[in-house]
Structures are given as structure tokens and as C-alpha cells.
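Dumping the structure here so I can ask a few things about it.
Think of it as A, B, C and D in the order they're written, each chain with its own count starting at 1.
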């Protein structure tokens, strides 16, 4: 594949942005600035950045409780994103959704979802709309390995294959569902192998390696875009942190956490790009600075946004 | 396998009993003696008779809207079975369930179910009870190919495999779901191939050949009974009749119906047994006579049973 | 000009007209295509509009609603069919947590023009899992509209309005009414969502009725007329948004209130109507109100007649209220 | 002897005691095993009773209820946990069409001793899909019992009763109360299902309250006492079977009725209670009744305080009723 240097740097920057956004969210949450729960995807950034790097603004992304990375990679405006997580009136959802429901239809972030597996049936509809209108747009639906055991997974994959819908089902298999290890919720260890039962191609890649993710996603997106139907794309990743910020992971062996943290998609990719002389000395620092400025700005915006008042709260139930 | 003549004749008799029971039900329904709907399994008798021939009274069977065959093969008492379908107070369910809800816990007919796919999660529980108590009993859960697209199928198979539950999921794949052909509801044509996605063995047999059904069922039941876990057993069958009695099948090519009726599990098995000199001249007539007498008796019992009165109707909501 | 049609045919006409009018409208559900629907609501639509707009699905109720939700998020106007209202239970997350909340939860970013059609009610001996009336659940869910038409005229006009509505509408048809005949106008017409209708004016007592119980209440009114009791029958037509004005105005005229629905009486829609009147305008009532509904029992297979609320129950309730 | 414990700990004790008492009792649900539950309700149960009786499941809510139903059909006594009451939507068919109807539909052949525990309610900023109070749905379903305990004392005694009950019990805990402390007896005790309790006697007005609103109502009573209004707070504790006697007796004493719950007011449990009193014993009421409940809006993420019914709303409702 012939890639420009800029594309590669943009992918690296996207991963860095996700990492820093979530680190900041964790910090702000711990300080008490953010209500509710925050689920970070730290360590899993290559999936969001890699998959979304192949999408355009007309493409749709559906995500989950662990969805900041996907939204950020798809280009959500950080100010109103942050304001939403702060629960403010200027947030994308006017503070009614929070971290688990961020959405920005203008950049194709259809919405995050607090119901595990809840997005998969909806992705059928967004993909159907592309097909219905003869558009060349696609839908990517992210979900976890835990979600792959909900009935909705099954119904959605069957229909997507049957109708040849332009959708990529992207499973981030981090081998945990909340506080429970995978061996306690499924006998198979690969979600991709379920694709065969629907007559759908399934692939599994190392989700810590953004180059692999991008290649597999490109193939799946291309298939969807050209009318070839859906793909189940599994990315094996490692969960660095607890289920949510504040989860001390007492149920998990410390060595497992330590081992997870040796797989750093950002560091690996920076090394690859460095070795290839794509990333030059100073580049990473520039990216970090730029990202930090964006985040500082977004946080300042969020913190300055007003809370909803009682009248705001009663609107938008009906159109 | 070393089989006694009696066993083979019992299987044949079981199929004949199912066929005649359902023919009679269709007739009685058409005459207006039975309220509601009647879904017959005519042409599919080898599955019920074959699978249930390997079960004991302590084993559990869950079935569906098309469940007369399974109940009869499992040994349900015909009088109260018929009275239930008539909607009478002496029926197994006091006339509250009808054809779609026949049950007799004493012979392990846990219950039929009007919800497509509704029995699969329940089968986990009945099978778990066997495991919990250290019993060597098993559960067989019957369902259709249409049901294999409900989310419950997926959740149930995953958990059964994970917990190594003593259950056989028996799919009667007749390639129709109500008025819709299989090509309109799934891309794959074999349900058994979905088993791999759960780490469960899956087999597919000709469900019109009772010998094949019995062999595959014996293996699956044996596996379950000995702690080896669940099996997905698919039996390919042909639907001779409409979805329910009175369905003229306008949506179906007449040739398809004609072709289906060339696969007669009863005639084929009778031929096999005849060729092997197991079935001797006059045997089939004796079976038919005996079955007819049973059915006449059951119908007479049902017709003579009272309807529930208003007070009866309000009991049993709570224990 | 008026002409006679059946309730089920009126539904079919509404679908056909709206699909012809708006390219964004499509239907999706089990057996809706080649078979024309389990009850023929979608008959001939496949032939007329093709498989792009008339979509047979697998038996996957949650996915059916998900398809509708996702398509609406992208601007289409899906009409989903759930074959029996009892099977809405398989799609409750998609209906309640996804579809109904999408607009509010995403800050007004989306409109959600989805119709979910589902036949409810007993009367066909379809048994405990195919006969329920569950409207009270959905009336309790902010973001949904709930409609229950009682006549061929209303079912057509309301379905067309539902399809044009920018909100999720749960459209509960009564399968015991499918074969019913009634007059409808020849040309196009709409019946507004949220408006009850006086189906029979009367001065002694208001019977607020829904769906099949409208007809039982009209029958009760005929019976009671013989003993000099003049019953007003108010057909609610829409459960949410509830037409409080129409209810209060009618009770203001009659001074007495009976609510009649087929669903289980306890915690049903009737409770809200009675409570609303007693809370807001108790002075209107010259006698305590009464409710007619099913007993607290699943719908039995055989003895539906003993179970189902009917004209006689309305008669009894009205007599009680009038003599109080 | 009394001792102090938290609501969540009281649940844990009830589970532990009942599992020790009866070998047929087991718990099943997401994260209930190794993790001891998302909210710690099942802490240490795995260590004490082993994996046979404390069963972690995949994220498969319909299957969790199916497991419980099937096990009960064969004589076990499962206690299923659904992590948030909002996820009951994913198991509605299994709860409503299977579990709740099994005994009736099969002619009384089975008893169905199943408990489904689920945390309901808002207050943790968990957002629109993790904060609902859906008890009104389940109260409308024949075959289910619905319990909503408000205190550590009641949650323990009621959970033990629910586990011993031969019927399906939906046990709705309030997650905003999990950390709440209260006194419970040292030894074993049961609180009966179906019995409301006067949590504060008063003579001017009856406030029938459920779950968290019991505490808000007690707070309102304290506030109102200052202005000479003596409020009786009746903690409903069980939604179905509804303790009609206790409600009517209390209203007979006070002559006035307010119902307070956290769920959306429209078509909520309050409607049934108001309707029941107005229908059956209207003469008891010296003033029109009033309901306190949430507005007709999904639960917002951030501004829960503006949304949630609280003591001030009860105060306002009581003042309205008393001055009417």
C-alpha cells in the first residue's frame, strides 16, 4: 500500500489524541469534575484510530460505553464532546447523555450506547439506509467480546450477511467483560470464528498493531463500500485499566495488568515510523503539544459551559 | 448397534402414532372441534420418534408450536393431551394452553412454547438442574430453523457449551418459517454449522431417515449424559403441509410440496424393516389398529370433558 | 363519497398510499413480503413496491426494531411489523432504551419517524402468549406515542398520520377487529394522533373506551338506552399523548366516568384516566368512577369469552356508577 | 439485639443465609461470582458456596432469566441478578411470557420459585439507560410479585421472604440506597411480601410511598410537621400483591391521599392506587388525591436533581391536598 507520510502521522496523532483525552478524562473524573462513570480504552487506541482512518465523514460509526476513542478518531469536535461528558448544556446531547451517549451526526458519530450489544441491530438500519439510497457509505459498529454473547449480536450478523449490508462489525476483544474474565463467559476465544455461521467473512488481527488493523479494516470497508457485504473484524487488544475509572481490578492478577501494558500501540507505531524515518525527532513532541492544546481548550470550554436549567430538561422528548 | 426387534417396531409405531394423531387433529380442527391454531409436523415424524426413542422418563423435552410429535413420542398420555387441545378442563393445562402449550411433567414433557426460540434459554435451566443435582438425566430442546435466528438461540448455545450442560439442541430444519422460505431469512443453509462458534459439536442428518436420526441422537444424548456437554443436532426435514392447518400455501410452489411428500419417513422405515424381515405381514396393520383405538379413545375423552367454568379460570395464577 | 372496507384492508391501503407518497417509507418484518403479512396487512406491497421497500426479515424482533431505529437515525421512515404484540417483549430494549430515548438522549439531534405496528388483543383462541394488550407499558415510556384504533376509518387515518409523525409511534391494531367492516371516505384523509372522538354522544355517563372495547361500549350503550340511561362513548384512539381535554369535557357534560379496556384492569391505562380526573377535576364527578378491564390472569386459550371484558361488564359498571 | 448495616450488606446477608438454609437456592448473573456483583450484593458467596451455586454468566439477560425459569421448572430456587433494572428490557419475553405465565398456562403443574433481583432508580448519574424505575410494567403482569424495599431492615427480610416464596418475585432494589445504613435485628427475621408498613404515623394526610421516595416522604413529613401538618407515611414495600387494606385503613384515618414514587408519574403505580381508592372508597377522601412522580422525560445524565422527585415535591403535593 502506498501511504503518504501525512497519513501515517495522522494515525499516530489520532492514537495520541485518544490516549491523552482519556488520561485527562480519568484525571478530571478522579478530581470530581465529571459525574457518573468513565470507561477508558487506554491501550486499545489502535483499533479506533486504525479503523476510522479509513472512513469518511459520510460513513457512520456506532460505539459503546467504551467509546471515547471511536468518537475522537471519527473526528468529533472536542469542545462539545468534553462539555457532554461534563454534563453541560453545550454538550452534544445537552448533558443528557454523558460519556456513554456521545454523538455527533455531522461527523458520522451516530451515537454511543449504554446497553451492551444495543448498537448492533441499529447498525443494520444505518447500513440499510446507505444501501436504500444507493450511497457508497458504510457503517462501522464497534462492540466488545462480552457483547458478542448478547442475542442482538446474532440477529444482527445474520441479517447483515443475508442482506449484504455495507457494515463492518468491529469487535474489540480485550478478554474482559466488566469484572469477569473471558473464560467465564465464552468457551471459544475468537469472536471472528462466529462469522462462518452467518456466511460472513471473519478476520482476527492483533489490535495493538495499528498497521494490521488498518489493513484489515481497509479490506472490510472496501468490501462493504463496493457492495460485497459485511465483515466481522476482530481485534485482539489488552485492557490496561479497570472496567471504569476507579476500578482497582482486585479480581485481576497484577501480572496480567503488567503484561497488558507491555503492548503499547502508540509506542510500537512510533518506533515503526521512527525506524522508517517517517517520524522525525521532534514530531512526536509537536503532536503532543498540539493535542494538549486542543484538550486544554476543550476542557476550558466544558468547564465554562452552563448546566441545563429545568426548562431545558423537558424539551426534545418529542419532535 | 444391537437392537431388538421390539425397539425397532416401537420406533415405527411412534411415528405412526404421531402421524395419525396429527391427521386426526387436522380433521377435528377443520370440522371446528378445536379452537385456535394447529401446526402439524406431518412428514417430520422421524425426528420426534427417533430422538425420543433414546430418552427415559427422567429426561426432559422442550418443544414448540409444532410440538405434538415430540410430546407424543415422549409418551404424553393421549387423553389429557387431546383434552388440552380441545381446550377442556381435563386437559393437562386445564384448557388454558391448548396445542401450543401442551405439557406433562410426569413424562418429562416440560412444555411446548408459542414463542419462537422461547424454549432455548429455559432448556439451560432444566439441564442445569440435572447437573446441579448430579443426575444422569438430559434435556432435549426442539426448535425450527427459523428459531435459529432469534437471539435466544445464540445466548443459549453459548452458555450450554460454556457450562457443559447435558442438553441436546435439536433443530428441525424444514427450510420454512411460517410463510417465508429459508433463503429470505438466513444466508447459510445449515444450522449445525453455527455450533463451532460456541465450541460445541454440531451434526446434520437426514431427518426423514429415522435410523440416521437415532444414531446421531444416541451419540448426542450419550455425550450429554456422560458429562460431555451439549450438541447441536440438525435434522433436515421437509414440511408436507402448510404452516398451520388451513394454510393453502399459496406462497409455495406446488412442485415443492409434491417433492416434499416423496420423502416419507414412515414408509421408508417400514420398507427397511420389511426388507430386514423385522416387520412382518400384518404388523403394520396391527400398529395402525392399536393407534387408532388409542386416538378414538382420547378424542372421546376430550369431547366428553367439561369446559372450565369461571371460577376455574382464576386459579393457579399464584401458588 | 364513502365506501365499505375491512379494518385489515384499511391498514393495507394506508401503507400503500404512504409508500406511494413518500419514497422514504418502507416496511420491514416477518412474512411481510412474499406472504403479504401474517394477517395480510402488507398484501401486494411487494409486487407494487419491490423488495427494496418491502423487506422480509428473519424471526428476530429486536433486530427488526433496530433496523427501523437505525434507518430513522439516517432519515428514512420505516414501518416495522411485529407479528403479535406479545412479541414486543423481545424488542423492549430496542424500543424503550434505544428508539424512544434517541431524540432526547442525543440532545434533539435526531427525529425518529418510526412506526411499529403490532396486533394486540384476544378473541382468536391464540392462547396466553399471543393475545395480550400491553399498551399500559408503552404509555409509561416518554418518547413513544401509542395509538389504538377501533374502526376501519380510524385505523387508516391514524396509520397515515403515524407514518407522517416525526416520533416513534407504537401502533396497536386489534386482531379481533381485522375482519370488521366499516365506512371510509374514498379520497385521502388523516385522523390526528392525540385526539379522542365521541363515538356516541350521551348525557348520563362517559365511557372512555379503547380498541375493541369501543364496540362493546357502544353495544352496552344500546342496551342501557332501553332502561333510560344515556351513555356517551368516547373512543380514546390515542393512549399517549392522552387527550385530557376530551376526557374532561365529556365528564363535565355527564358527571360520571367509566373506563373500559381489554387489558388487565390492575395498573392499566384506566388507572391513569381515573386518577387524572380525580386529581385534576374531582368536582366534575357526581359519582365515583369505575373501571372495566380483564381479571388479573393470563389470557386463557379456550375460555376467552369468560375472561374477556365485554358489553355486559360495561353495562354493569355503568349501572353501578349511575346508581351510586 | 439490633445492629447497624448497609442496604447492600443486608442483601448480601439475606442471600448468604438463604443459601445456607436451602441447598436448592443458587445465584446466577453477570459478575456475581468472582467479582461479587457489580454492586457487591453477592460478595464472598462464591468463596463460601462454590461455583456450582454462584454462577457467573455471559452478558445474556434473556438467558439468565431462562436459566432461572428452567431450573425452577425442575424444582430449584434460583435467584437471578440483572445488573441494572433497565436491562430487564432484554429479558421481557422470558419474564412475562415464560416465567410469569408458566404456572397458569400449564394448568398449575409447576410452582415457579424464582427471584429476579435488579437495581432500579436514578441518583448515580448513570444516564438514561441505567436509571429507570419500571415497576409499573411488572405490576401489570399477572403471575409476578413485585417488591421494592426502602430500608436495610426491609430489604433483608423481604429478600428472604422472596426466596422462600413459591412464585416469581421481581425484587427491585434501589441503587441509590445501597450505601444507606439502618438497624436490623441480629437474628433471623422475615418481612412478609404483600404488607405495607406505616413508617411514620400521622393524622392529616397519608403519603403512600415506594422505595427511595419513602425517605423523601419522611423528610417531607418532618418539614411539614413544623407547619402543623401531621403526615402519615405508608411504605408500600410490595407493589403486587398490593396491600389495599393498609392503604384504605390509612386513608380512613387521615382522609387525604398523596402517592409518591420515583418513576414517571404518567401511567405509573400511583395511578392504580389513586384509582383504587377513588373507585372503591371515595367517601374516605376529604380532598382530592395527588400524585408525585417524575416528569414525562427520560432520566437525564447530569441534572438528575432537577428531574428527580424529592421531599420538596411531596411537601408541595401535601400542602395542595391539605388546603384543598
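One rule holds for everything that comes next: contacts are C-beta pairs under 8 Å (C-beta built on N, C-alpha and C of every residue); 3 or more make two chains touch, one makes a residue touch a chain.
Remember, predicted model here, so these are calculated numbers, not experimental data.
The minimal number of chain-to-chain contact steps leading from chain A to chain C is 1. If you average the Cα atoms of chain B and of chain D, the two centres end up 40 Å apart. Note: centroid distance chain B to chain C, computed from Cα atoms, is 36 Å.
Chain C and chain D, compared by their mean Cα positions, are separated by 30 Å. Looking at chain A, residues 93, 95-97, 101, 113-115, 118, 149-152, 155, 158, 162, 184-186, 317 sit in touch with two or more other chains. Residues of chain D found to touch two or more other chains are 57-58, 60, 62, 86-87, 90, 93, 97, 104-105, 127-129, 142-143, 296-298. If the chains shown are joined wherever they touch, the resulting network links each chain directly to all the rest. By the touch criterion given at the top, residues 149-155, 158, 161-162, 184-188, 193-194, 196-200 of chain B touch chain A in their complex. Those residues of chain C that touch chain D in the complex are listed here as 86-90, 92-93, 95-97, 100-101, 104-105, 127-129, 134, 136-137, 139-143, 240, 242, 263-264, 266-272, 274-276, 278-280, 282, 288-291, 296-298. Interface residues of chain D facing chain B in the complex, by the touch rule stated above, are 26, 52, 55, 57-58, 60, 62-63, 65-76, 78, 93-94, 97-98, 102-112, 142-143, 145, 166-167.
Chain B makes touch with chain D in their complex at residues 60, 91-97, 101, 103-105, 110-111, 113-115, 118, 120-130, 132, 139, 151-152, 155-156, 158-159, 162-163, 315-319. Residue ranges of chain A in contact with chain D, taken from their complex: 35-37, 86-88, 93, 95-98, 100-101, 113-118, 146-147, 149-151, 177-181, 184-186, 251, 307-310, 313-314, 317.
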